[in-house]
Structure formats: structure tokens, C-alpha cells
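Letters are used for the chains, namely A, B and C, taken in the order the chains are written, and counting of residues starts over at 1 for each.
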Amino acid sequence: MKLTLRVWRQKNADADGAMSTYEVDDVSPDMSFLEMLDTLNEELILKGEDPVAFDHDCREGICGACSLVINGDAHGPERTTTCQLHMRSFQDGDTIDIEPWRAAAFPVIKDLVVDRSAFDRIIQAGGYITAPTGSAPEAHATPVPKPDADLAFEHAECIGCGACVAACPNGAAMLFTSAKINHLNVLPQGAPERETRVLDMVAQMDEEGFGGCTLAGECATACPKGIPLTSITGMNKEWLRATRKAGKR
Amino acid sequence: MTSYTDYTTGDPVADTKAPAGPVHERWDKRRFEAKLVNPANRRKHTVIVVGTGLAGGSAGATLAEQGYHVVQFCYQDSPRRAHSIAAQGGINAAKNYRNDGDSVHRLFYDTVKGGDFRARESNVHRLAQISVEIIDQCVAQGVPFAREYGGLLDTRSFGGVQVSRTFYARGQTGQQLLLGAYQALSRQIAAGNVEMHPRTEMLDLIVVDGRARGIVARDLITGKISTYFADAVVLATGGYGNVFYLSTNAMNSNATAVWRAHRRGAYFANPCFTQIHPTCIPRTGDHQSKLTLMSESLRNDGRIWVPRAKGDTRPPAQIPEDERDYYLERVYPSFGNLVPRDIASRAAKNVCDEGRGVGPGGQGVYLDFADAIRRMGREAVEAKYGNLFDMYQRITDEDPYEVPMRIYPAVHYTMGGLWVDYDLQTTVPGLFAIGEANFSDHGANRLGASALMQGLADGYFVLPATLNDYLGRNPKLDEVTGEHPAVQEVLAETEDRLNLLLSVDGDRTPDSFHRELGELMWEFCGMARSDSGLRKALERIPQIREEFWRRIKVPGTGEEFNQSLEKANRVVDYLELAELMCLDALHRTESCGGHFREESQTPDGEAARKDDEFSYAAAWEFTATGEAPTLHKEDLVFEYVHPTQRSYA
Amino acid sequence: MARSVWDSTVGKKAVMAVSGLIMLLYLVVHMIGNLKIFFGAGEFNHYAHWLRTVGEPFMHYEWTLWVVRVVLVLAVVAHAVSAYQLSRRDIKARPTKYVHKKARASYATRTMRWGGIILALFIVWHLLDLTTGTVHSGGFESGKPYQNVVDTFSTWYGNTIYIVAMLAVGLHVRHGFWSAAQTLGAGSRTRDRALKTTANALALLLTAGFLAVPVGVMTGVVS
């Protein structure tokens, strides 16, 4: 396959960026999207040009590092991560636009690499269960009903890639934040910190400059792990409940 | 200059930390004898932890909880992305929830045997003991393990064992355990107990007066090289499987931290013990950048086969039952498809070498779920393995519910690593290595679902106890500053190396060298090794290294985000480590676990160990680049699990 | 607590949801009341008069109506201010647009924002037209709502403004009702379909019910 790529190039956080056009030949349909970019970069290095910077690591769809907006879609046309997208999803002769995640809370570092540390700070605000090492009771002391365990797992699958933010017209991090809140709040182990968790995490999310939710649903469509939009509903419910309880104290 | 292969044998090295006495009492005894640090004084100690995977993340969180000032690093943009996240299958623990005869002793026994009697008994026993606490700890953190309808934890069985002791969270156990550790770490970051440096890569170790006192690290965004000082340094930087270029490791997983530590005095043990995982998706072409693992748990229900006849290119559905060879079930009737990884991998290689492999290039075998779908129904198979099947289909564009999967072995894990004693301390005082970065618990072959167990055991439970002892015994180390000549020297070396990489301006990319090295290693130091092959590799590696420094091309500068520079610098270390791996493989003329020497096999083609000659861990001491290292042997004593030829028939 | 609700994106959205539901309830009542126009001037005008006497003798003349008006004004203000502030925040959170545009990406959001602005303008016109009579086309008489309505829908612009606004109401309610349910945490996977159906039904019912009046006037059923 022969493709034309239009790639966002930006030297660093302070520089202005622009789309640059590249031609790539000999693309195999079995290549992953990132392998196609590898090929381009090998050529660029040999020509003495700066290769395209992009985040990637496990290339198995689980680490959440890869983060490209391809033809306007976070992670491209398939419901998967960029690293698991294969070139067979494109046609010979296609022009493909590649851009970084766009959000005020995710500033560009270089080219297609953005700073997602805001996500870490949201987790730091309360996305955990306080269980100091060594203090744990026997694992079977608290049975967890299977439906609850399954629900927790479904939300815990979030890989923190940020596609939800990239796809959201408001640059909101609701789906990311709600996934963690639902994961921990549904479990009996998470109950003691249930209220503080949701209040603190939502406050941090706002603090980071993410937008609000208009329930456009783009986040859930883009999510490579299929975290459902109802996750946000669950978070809202938890937040209102926690606010009511806090008001009574 | 002596030839690299003319290594000398130095004094034996021994673990002096494990107490004597019955194996099951040693850990208690060690903890009791260990010096403690007064909680009020812990704040005054700084500990550097490099890496945020299962081992590093859990260690950082626990040390910070105890009150130490932790300074932690990872090259990823977030500690949550460490490659532990990709572990699929599960984590072992001797809970015996199934009442199927499991016990700490059985897990200990299975691990020593599975490691082909090349692991240290004291360490393995401790691991089995701690396994039980790990599950409790993770459940308390909210790790959503699979559960049964009664609300209790579910388990499954894994290769190499006959009990069901593997706890799992669908096919994403590593992810869930890592997120548990990451969340515990996040709590400590928020509390100000951990100073986290993401996108910062360790480039060298600072040793002052014989003790590890800090690291040199590069901020990957600005390119700034800085020094960080501490009272102890913990390496939790994972394995070195990426020496092979194609492996199931993450693209940026690398050996720089351990290799630089080795160059600064830490012995490197059993570098040739690499694990080739039997169930990976075969490569599709030259563009392949990495290999993807399919969880070993698939072997619970999938049946592995190849056509009986050579060169049978019919589609699998057209090959009748009696013309198929379910070779694992045939050769190993009692374990069948669940034989340990090394055996399953080698068997696959053998049938492919015979010309009976399937798929492009004949480098694959079938993993067939037709029987399982008939027996359990498609829905049950989907519930159990759905996400793995989806992943397979995404990568290969084939539907595994309809056509059997094609799998082939790939480099997955490295049992070798920095030599550590019972306290997980390397030969450099104050330098600790935990998780895959050390060599300690898996011998020559790691059992499935044991890596997660070891990483968390080291990080949550072992290191926090033993590091106390080191700091308790060295309460007032002299302060180190940037002006110290030893620091200046390391810093200058690091800067010189990066500048040199940038200045060669040759005509080959870092990846092209990495790929060349990887292909060489896979051919000669992969699934089967021979004297002549290893010698060929040992001749070629210095040539590649020489060419590297002549022809490498790294665009850009060091003062910016420069992924080519990161890559090139990692390849520098692979080019040296590869040589040691080959030498270790050459010197160990026995076959054991993942290390198969063609010269040492039983008449029916199984690995033949030579216990009288090689019942030791080989700990190598660095001398100079390209110069013969010194071998220090640690004799392995088996008081409880007596070496036998492993039999899974 | 009020502070923390108002300061949070989630809280402010809840304010929008509650105020939106209040207005929705009002719209349903309003729409049903409107339909009385098909029973003739007598019944319609009587109904309009009754609205001022609700709650008597406990309430004085028009007290109830004023209570309703105050609640409605508060709801409109809370809804609009929240919407404005949240929209500002949203736009700020996504300062750079993608070069490769996707039409669908912000469909619901855009409809809600534009729809909201249209409705706000409509309410002003509607009050000036039929409550105060300031911009009324005919000879406005406060005790004769039947005639006032007929007058309004006898002009082309009266009809156009009203029809556009009622379509906006439909679209706004369609996303808004479902959205409010999510915001207040009432949505769930099992309930999602029922909520969406209810939202669609409400939207359709309101639009059709409200549009029945101008259509009635235009077709001469109401005159």
C-alpha cells in the first residue's frame, strides 16, 4: 500500500505546530499503525530529519501509552488502541491525518506526545483504597457478590490512555474519573472512603482544567476498553450522595 | 587483551544472609534478626527506587508507608504504564482454597522443580510463604479478582502444576495488580512521601566508597541529565528480553539500569536463562516490531497440534483427526498441553524444525479450541477467553472461534539478572534488585503466574524488611554531593556517551543495529544453543559493536525530547549484555530449563542436566567492555527438594 | 454544601438537571392548558382566569401564579447561568480544534447550546407577546388570552418564531431529559432504553401539543 500521511509536527511545548505531509510506500496490511510510523521514522532518520515523536510502549493494547487521533478519531477507526490498529483498516492511496490528543489539560510535549500527568493527579486525589501493606485481612473474610466483582472489573479495565478526553468535545475527563470511582466504590473494601474518594477526585478533575460533561457520548465510543457511558451516571450518583452526606455532617 | 571467552573463575560467592535451620523458619528468623530503624528516624533516610512495575510500585508504596523518603523514577509518562501491566494469566498463591492438596510446601516444591533445580531453596520457600499474604493484600486494595457465584475467589490451573492455585482477573491480572500497586503508590505521592519522576530514565549508578549512593538520570522531556543521591538504591527495572529485539516485552523495556549497575560492580547471574513463551502470535513479516503473547491459560482448554505429515498445507479444517499430531498429549500424557513453558516451546520448535509447522514460513503450531467449544459451548469459551480471542483476531484477522489459532514461541521473561543475596542486595552494598531485575527465585525456568507473585513478594514484603536492616546498620552515611569526584566521573561518562552517540552521524539507525543483534541472538542464543553457534555469536557481537560506534546515526540533540537517542543508548548496553549472555550459555554445557544445549540431551531429546558440574548460579563480574569477565559460582544446596530429572510424562 | 455544588462541574450540571426538570414539568402543564383552546374561547379564558385564583381562599388572587413565576424565573436563571459557565469552561478545556473535522463529534452539545439560546430569546418574545403584550401584533387585552393567541398566530412571523422554538424545545427535551437522568444518577444500563423512549415521547408530545395551537389557528379550527 501507498499512503499519504499528514502529521502534526511541533518541536516542543512552546513552539507552534503544523501539519506536515509524508508519503510512505510498501505498507503491508499486516503492519500495525505504529509499525507503519516506525517505517516512516527509519526513513526520516536516514535522511537526517527529526523522526515523528509518539508515545508507545507495550504495543499490546494495555499500557495506555499510545495516543493518536487518526482522521479525527481517537485511536483511529476501530474500537481499539492505536497500537492494535492494523493497516488493513485503510485503503491503498488513502490520506491519513494524524494529530495528538487535544485538550487544555493535556499540553503537547512534542509532535504527537502529550502530557497526561493530570490523570495521575486525579488518582492521587483519591483513586485508591487505603490498605497499608501487611494490614490486610484474609482474602475470603469479605465475600464480594459476583455481579459486584464483575462490575468493578469492567470499570477497572480502564488503561488511562486519555482517548475519552481526546474525543470529548469539551475535553472532559469524566469517563476516566468515573471508571476509577465505580471500580472502587462498588467493592466493600472501598466503602470506608466512598464519599471522600468521589468528592476529592471530582474536585481534582475540575482543578486540572478538564471540561464538563454534556453527555455527547463520544468518550464511550472512543474508549478502547468499552467503559460504558453509564459509568459517568454512576459517578454523578455517588457524587450527589456524598455531597448530601457531607452536608449532613 | 585476552579473548572474551577466556574468563577466569574467581572466589565463590555465597548468600550469607539466609539463616540456617529449617527452611520454613528462615524468613521469620531473618526478620527477627534484622535491625530495625526507629520510625522517627526513617524520614531522614532517602531511598531511590527505579521502576514502577509490580516490584517497584509495591516497594515504593510500602517503603513510603513505613516513613522513608522515597524518590522514584520511571521512563514512562506515568507509573501506571510499567510493563507488568501486560501480564495476562494470573498470580499463584498457596491458599489451597480448592482443597486440592496445595500447600506452601507444594508451591515451594513445584517452583524449585519447575526451575529445573537452579534456584536457591531459601528464597523460593520464602516466596511460597509470602504468596498467601499477597492475595490478602491485593484484595484489600480492591483488585477485582475473578469470583465465583458464592462471592469467593476463583482460581485456575497453570502449566507445570497439578493444583488450581492461580488467581486471576480475566486475562488482565497483571494490569489489575499493577493498578493496585500504582494506586497505593499514588496515595504516597499525594501524601508527599514519594517524590515521583516520570519520563526520567536512569543512565548510571553512583557508587561512592563502595556503596550505592545514587543514580544519574535523564529527563526525557528536556534532556537534562541530573544526579540524585540516597542512602540506598533499589532497581526494579525488569528483565532484559529486549536484547532479542523481538520479544513480548514493551518496546521501551530495557537493560540499561541493570547493565550499568553491573558495570559498577554488581554481579550478573545466569544471564543465559531466558524464557521462551510457547503461546505467542507468530510474526507476520520484517516490519514486526514486537511479539504478542497469548496467555498460557489458553492451554487449559486449547489443544496443540500440527499435521502428521511434513509440508501439509491444507487448511486445518480439512486435516482429518487421524492425520493430526497432538504432540504434547502424545509425548507427555500426564501433563499434556500443560507442560512447563520451556518444554512446550522446545516441542514446538522441534515439530517446526521437522517441517511440520503451519502458517507463513512454517513457524507456527495450532492451538485448537474446537473441542472446548463443543464441550463447554461457545459462550463459556467466550466468557473465559473472550478478550484473548478478540486480541488474536485483531492482530491476525482470523477468527479463532472458527479456525485454530496459530502460535509460536517467543522471548518472554529473563530468569537471569543481578545477583542478590537473601536480602535482595546485590554485590554492591546499598544496591538492591527486586522483581525480574534480579535472578533469585525462578532458577532456569519460571512457572506461569509466578512472575507477578515474585514481583509483589519482593516489593511489598521482602525488601521493606531487609532494607531496614541495611539502613539500620548504616544509620549515618556520609553526605554525598555533586562535587564528589566519583559523582563527577559518572556524570561525565554519561554525558560523553550521549554526545558520542549524537556526533557519529553515520548511516544506520539504532533500530537497524538492534534488529541485527536480536536476529543473531535468536538464532544462536535462543531456544537451542550449541558450542559452535555461540562462538559464532561471540565473534559477531564485537564486530557489530564496533560498527555501531562507527555508523550509528542519531538525529537531533541531547537537550530535547529525543526518542532516537534514548533508543541508541539502550542498544549500547544490549550490545554488551548480549555478549555476556552468550558467554554464560557457552560455559554452561548442560541443558536446564530455558537453557537448552544441543550437546546435552537425553536419548529422547529432553534436556539433560549435569548436576555434578553445574549445580550453581553463575555470577559474573564485569572487568572491561569486551574483556573476559570473572565467574563467581554460588553453589546451590538442595536439602528439601532433591534434584531429579524433571518428568512431565 | 450549596457552595460545593455550585463550584463543581458535576454539581452545576445537577443544578441544570433539576432546573430543567422543573421547567419540563411546567411545559407539560402549560401544553395541556394550551389545548383547552380547542374547546372555545369561553373555556380557554375561564381556564386562564382560574390560574389566577388557584389556592383561594388560602392564597390571595394571583399569589399561586406568582409563586410559580418566581420558581420558574429562578429555574431559568439557574439553568442559563450554569449552562453559560459550563460552556465557557468546556470551550476553554478544548482550545485547539482538530484539523481533521468530524461532524458528529459535538452534535448533541451544539444542539443543546444553540437550542438553549434560541429558547431563551423565545421566552423573552413570548412574555412580551402574550403576557405583557408589549410586542403583540393585535390589540392586546390581558383578560382575553384566546383572542391574543389567535392574533399572534395570524402573523407569519409569529408562527415562524413559535414553530422554530417548539422544534428547539423538542430537541432540547430529547437530549435534556435523558441527560438530566444521567446527571442525577438515575440512569443505568437496564433503564437506558426506557429513559431514551421516555425522552423521545416527551419531546414528541410537547412539540406536537404546542404546535397544535398555531396549526389550529392556521387551519381555521381556532379562530
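Rule of thumb we're sticking to: contacts are C-beta pairs under 8 Å (C-beta built on N, C-alpha and C of every residue); 3 or more make two chains touch, one makes a residue touch a chain.
Not measured: the values here are computed from a predicted model.
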**Q.** Contact-graph separation of subunit A and subunit B, given in steps at minimum
**A.** 1
Q. Taking each chain's centre as the average of its Cα atoms, which is closest to the average over all protein Cα atoms shown?
A. A
Q. Taking each chain's centre as the mean of its CA atoms, how far is subunit A from subunit B in angstrom?
A. 27
**Q.** For subunit A paired with subunit C, centre-to-centre distance based on mean C-alpha positions, whole Å
**A.** 37
Q: Would you mind pulling out the distance in Å between where the CA atoms of subunit B average out and where those of subunit C do?
A: 63
Q: Scan subunit B for residues touching two or more other chains and write them down.
A: none
Q | Residue ranges of subunit C in contact with subunit A within the complex | A | 1, 4-5, 7-14, 86, 89-102, 105-109, 112, 175, 178-179, 181-189, 192
Q | Footprint of subunit C on subunit A - complex, ascending | A | 6, 8, 19, 69, 71-73, 97, 99, 102-105, 167-172, 199, 202-203, 205-206, 209-218, 228-230, 232-241, 243-244, 246-247
Q: Quick one: which bits of subunit B touch subunit A in the complex? Just the residue numbers, please.
A: 58, 61-62, 65, 76-81, 83, 85-86, 95, 97, 133, 135-142, 144-153, 169-170, 172, 175-176, 179, 182-184, 186-187, 189-190, 196, 198, 221, 248, 250-253, 284-285, 287-290, 292-293, 391, 394-395, 397, 460-461, 464, 507, 509, 511-512, 553-556, 560-561, 563-564
Q: Mind listing the subunit A positions that touch subunit B in their complex?
A: 11-12, 28, 30-32, 34-36, 38-39, 42, 44-46, 48-51, 53, 55-65, 78, 80, 84, 86, 88, 109-110, 113, 115-117, 119-120, 123-125, 127-140, 142-146, 149-150, 152-153, 156-157, 159-160, 183-184, 187, 189-190
